[in-house]
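The following pair of complexes shares a single chain, chain A, combined with chain B in the former and chain C in the latter.
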Partner chain A sequence: MPKYSFATAATVDEAVRLLNEPEVRSIPLGGGTDIFVALRVNPLWFDRLVDITHVPELHHIGVADGVVSIGAAVTFTQALESELLQGVAPFLACACENVGGPAIRNSGTLGGNVANAAACADSLPALVCLDAVVHLLSPAGERALPISEFVSGPHQTNIQPGELITHFSFAQPPAGARSAFIKIGRRRAQSISRLSIAAIGTTNAGGAIDYIRITPGAATPKTIRFTPVEDMLKGQPPTRELFVRAGEAMSAEMISVTGRRWSTPYKEIALKAITERVLAAIFLQEAQPC
Partner chain B sequence: MTDYRYIGKPIDRVDALEKVRGTARFVGDYHLPGMLYARCLRSELPHARIVKLDVTPALQVPGVVAVITSDDFIDHGRFGFPISDLFMLAYEKVRYVGEGIACVAAETPEAALAGTKAILCELEELPAIFDMEHALDPNAPQIGPAREDGKHPNFLGHFPVYDGDPEAVLVDCDAVIDQNYETVMQEHAYIETEGSLAIPTVEGGVLAYVSCQSPFIARGHIMRTLGLGETAARVINPPVGGSFGGKDDLNYMTAGQVACLALKTKRPVRMTFSREESMIASYKRGAMRMRVRVGADKAGKLRACHFKATYDSGAYSSQSPFTSWRASIHAMGPYRYDACTVDLTTVYTNNGFAGAFRGFGNPEVYAGIEQAIDELAEKLGIDPLDFRLQNCLRLGDTTPHGQTLTESVGLSDCLLAVRKASDWERKRAAYAHQSDPDRRRGIGVTALFHGTSLGAEGTDEATGTIEIHQDNRVTLTSGLTDYGPGSRTVYCMIAAEMLGVDIQRINIHLPDTNLAKDSGPTVASRSTMLGGNATRIAALNLRQNLDYAAADLLGCEVFQLQRAGESYLGPSEEPVPWEVVVEHARRMGLVLSTFGRWSAPKIHWDEEAGRGVPYFAYHFGAQIAEVEVDLRTGLTDVLNYYAAHDAGKVIFPQGAYGQIYGGVAQGLGYALYEDVDYMDGYLQSINFDTYLIPTSVDVPEINGSFVETHYSQGPFGAKNIAEPAMVPVAPTILNAIAQATGRRVRKLPANLERVLLGETLHKKGSPVSCKVALKSV
Partner chain C sequence: MLIQFTLNNQPVAVEAPSDITLLALLRDHLRLTGSKEACEVGECGACSVILDGELVNSCLVAAPQVSGRSVITIEGVRAPDGGPNDMQQNFISYGAVQCGFCIPGMIMAGEALLLKNPQPTRQQIRVALAGNLCRCTGYQQIVDAIEATAKSRARQRA
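Up next is the complex of A and B:
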């Protein structure tokens, strides 16, 4: 194991200060569930880890003026057990429940999941659906970026050296919105997502879909909402026939982004299936895992 | 039925507490004063000539104390049986990515790594073979050793069984299946990686702690390759953290390397592998490609089997001659045929190398034959369980090898047991009519026979010792290793039962070549039968001495003695405590240390004729899997699992059930997830983030049971269980998937893509992670 140093931050300010000490390449450490795996096959890309998991405000989950806020060091377990998140964004809690196994969920953080920016990150599809905003802090001050701008590609973000993700925020979804998350893994736990999907939506008094956001995970290099499919669904009464067409549109959209890759023959079929299922879970109240 | 005090009764494992409390000391837990750390320079090319190997720059690296190459061993450290094609370190050529070339001993692991990087090693890349189908092409580059018989050097062996002419019978059959099946390599995934520690002795020899299966084999290789006498090389087996067949050849190299370095530096030297080094350097279960043709008549009578297969041994022969032979013996499944041919050819390639792995060739052939049998039953419109019952081997039958089964044949009872336990008939019928377009269930069955112990592979005997000490504690030795299955507990139970004493009195030493007697390799699920019989005889010999002393003490004849608990009773006396009898025996000058040797019944195999008596007894079993398949994502859930095994008399119930549970879990991984994928010789999954084995939530409730046919030659009627539990799992699950989906997956594993699409998707690989890991601490 390569040699590096380690520091623990007690406050947000201390974390930012440590991350910006000159001549020491420092990066924030959440649960370490990505960093320590990457260290085994990558040359060292930092001199020091700054442990931010002991900063109380980075564990905060709250809602104020219709805006939900989640601290960067909130673990998957904290998120999935949060009654607030279970209420306002159950698909995000469900996505967190699908991460790894108990040990990984107990240590891994949402901040780390987003900063690592894997195309298969379990929390990203729900956060993207929510149009979550990433809040960053550096000696230059605060900065906020929509998550779709923050994550620029697989394992690529627009974080600047010395910046710390402090929290995520998103507007509370419309009253009555229902959401769902489905993940396909190769096994039932400790499994990297082969494909996933998050969606949230409501119908209006007339029974037509008036609000819908849908985001597949591990389908495109950068996790994005499939807005053409959302547009297709909007204003339509939710029927199984519609969902079948939506599934086909999702696969077509995926292929238009990625082209045909080695996994496309599988994913184009499986994405149709989980699209239909996620929409049925939301609009037809069909049961899905978590 | 005999009323035993210990045999067949629940008991704590003798090593349970130290494992649960974490006090067991594995090789990696040893830290001796002055100990050096060893590390191998390993090949980054799958096939290359070593043009230049200069270790002197490594000796300039701070902290490096010594470097060895194949030149430091006698005959370059050549070893291997029956084909000597391995070297303690590569000689002249490397044949797989990860092969050891030189070994550095240094003050720290970091210095050892820096030493390997400083070695000047020039490799000239050679053309390589990664497709077993092309290994014997006339222009294929030579991988295997040169042959004098004119055969291709990449030809490792041909393993036939011949019984009549199946071609002539197949044309007469009402239904014939002709299908290809394929298995891939599998990683053992033992929790403890490879490791050895060698300590130079004051006499100029070496004491080695080796995490291996067979300490006498490790000692033999050290002796021969380093020129030491038997007394100068001693091997002790520390607790071994899992093996499954995987702690043989590679760790004998590790042992030889640290022994050589310890002699050279006069300091203790330890080598332990990272997980990545373990996965890259270690041998695997070999891959097999099969064409299976089976035929039956309308009434469901199986008539002929023609099994043709190619087996990929990778770069070295290792155990493949034996693995291939065992595979050939079982390739037709446990059935009666009018005619049968098995035709198995094993070849060299540059895909890592294949060696021993639980089941030893049988999980591979069963993935073929037990699917073909299912397909044939389906074609005939016969229930696959009934089809197996109709054709399975029974007492008095003669096998396709020409062996008549005279005792302990519980196969039909195993099939009946799983049929009942699983509610087979109802489920099989219900699952034939499902309408849910998304998720469907299926239930599948297999039947199993698995030859016990080594078979006609060679000498098959074991020796145990037993001794009563001054404090009246009893110690045992065995030359066989308990790397997890529980054989040490079995031996203590047998000794306590035979002596009629409390088991708490009995301890068993870890295998030590200076204390124990060579008992052959710890392989082939032979420990209970071979080591158990040896312990039984050793204890019987000791008890005869004690009985003699007791009769003398009680003034009676031996036949008049009775036991009350541990105490001895004569015809007219009060009970005499066991300790008093022992003390009396000492005063009489009787030796309270005995040994027992047991040799397996003689058997024979004619390799040319493909006929004989391959094994002295067989384990039988039947398994049923119930699955739910997501038809739209390809995800398979194993819902329930049923396994009934004829292991003879069960001696240690928790151990035996544990073997069923572990075997099913390991087989489930083989069926659904595990794929050792070599891309042009480079292993693609080098750790457990991408090499997936089942987690606890992937393994269903397992309903295990035993059909205890008595085997007259086994200790207390016992046969075995360790490997057989794993052998038929993959085809059992695949047969269930076939019912659920209506489509066969004929290549393992039945992953998402194969189940959904019925085809294999190929991801482009990369050599990068292998190359990086070979240079990381």
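Up next is the complex of A and C:
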């Protein structure tokens, strides 16, 4: 007897119906890059996989009325190759380029990355910077909540049984916004983030920073924007000296959330350094990793 | 359950359990053992195959997920006479093969790259191989062999 069964959904409605059939614990299957790894270490937690990767809407990337939407089954490769995303949110495309190796990027999906909610999930910092909204569908109807509320901790989300993530949406960032993503792993490719950072910002006609969002990844249990640091940057002319202070403030903010832990001596220095680099990439036009 | 798909350009229909991976389907049910089983968690690339034109780790694909789709495995990569194709020949002549365990995956990654990008830079070749581990060669010769293949195919097209 197989340990679990398999079904393929052709439409979003069919996926939701299959996920909610009584007495069959069903979970959506995207790229499988997390599920098949977890299956090797965890006891079986479902009776059926529902393949959602054939649902056309779930692969949609588009913009309407200034709102960008990305389907849950969009793969990292589709996201990083999307001209729309390269244009409106290059740091999200860059984060997707940093995921795993090519085979993982061809299979793994943004919906899966967010649903799995690893603290080190590469797509999270950029999505949190963008104040992305997670759209969910269940027999009860649609539900939408901000990504920083949806992901409540490492491998913890507020998804309810039977709910399917259909897509993410975010307001198109201001024209002229520049963004960057930096990841530190043990090696360049196929590595898990030890620490990462995403930021997006603009300066006004007077040369002062007038829009800035900054979110570190794998720094705090919940991936959140560091708004106190954003506030200290706003209204200031972008200088190296300011970015050094911002780096110190980022580390201080991280420690105020996590306390001092075994990894703090490393992360304190590393977060400071990548903060300076990400801000220099955006505001001082310094070379970006991608 | 019955899984029907196109394998190395031939239609196949195979009865298999619903709870296995594509790698197990290939190796245990179709007796195609060229795709190697190693880490089984997507870290090493030894199990790489091309699914609808894109490189994937077959250890992370559910077997029924390939229904109606096209899979190319290392067994499907060969010269018309059944011998090694140009890339495989280059792996031999550039000394890119030692124990050989990673090589089916390396060839699939190389072929998948050239499908998408027929004239890659060395850096692009390295990025394309980022998910494939080799414990023997140090990669240099593998990059050389793929680069030489891309160049000779470009010459042939010209």
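Convention: the second predicted complex is superposed on the first by the 288 of 290 C-alpha atoms of A that agree within 3 Å, B and C clash if a C-alpha of one lies under 4 Å from a C-alpha of the other, contacts with A are read in each partner's own complex, and residues count from 1 in each chain.
Definition applied: a contact is a pair of C-beta atoms (placed from the backbone, for glycine too) under 8 Å apart; a residue touches a chain by one contact, two chains touch by 3 or more.
The shown structure was predicted, so the numbers you read here are calculated from the model rather than taken from an experiment.
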Partner chain(s) touched by A:194 [first = chain B, second = chain C, both, neither]: first
Contacts of A:8 with chain B and chain C, given as first, second, both or neither: second
Partner chain(s) touched by A:37 [first = chain B, second = chain C, both, neither]: both
Which superposed partner A:184 touches (first chain B, second chain C, both, neither): first
Touched partner set for A:260, first chain B, second chain C, both or neither: neither
First, second, both or neither for A:270, with chain B first and chain C second: first
Residues of chain A at both interfaces, chain B in one complex, chain C in the other: 2, 37, 40, 101, 188-190
Residues of chain A touching chain B in the complex: 1-2, 37, 40-42, 101, 184, 186-192, 194-195, 262-263, 265-266, 269-270, 272-274, 277
Touch list for chain B against partner chain A, complex: 276, 438, 630, 632-635, 637, 672-673, 687, 689-690, 692, 694-698, 751-753, 756-757, 759, 761-764, 769, 772-773, 776-777
Chain A-facing residues of chain C, complex: 1, 17-21, 40-43, 45, 48, 51, 54-57, 59-62, 64-65, 67, 109, 112-113, 127-132
Of all residues in chain A, those that touch chain C in their complex: 2-6, 8, 29, 31-33, 36-37, 40, 49, 51, 53, 77, 100-104, 106-107, 188-190
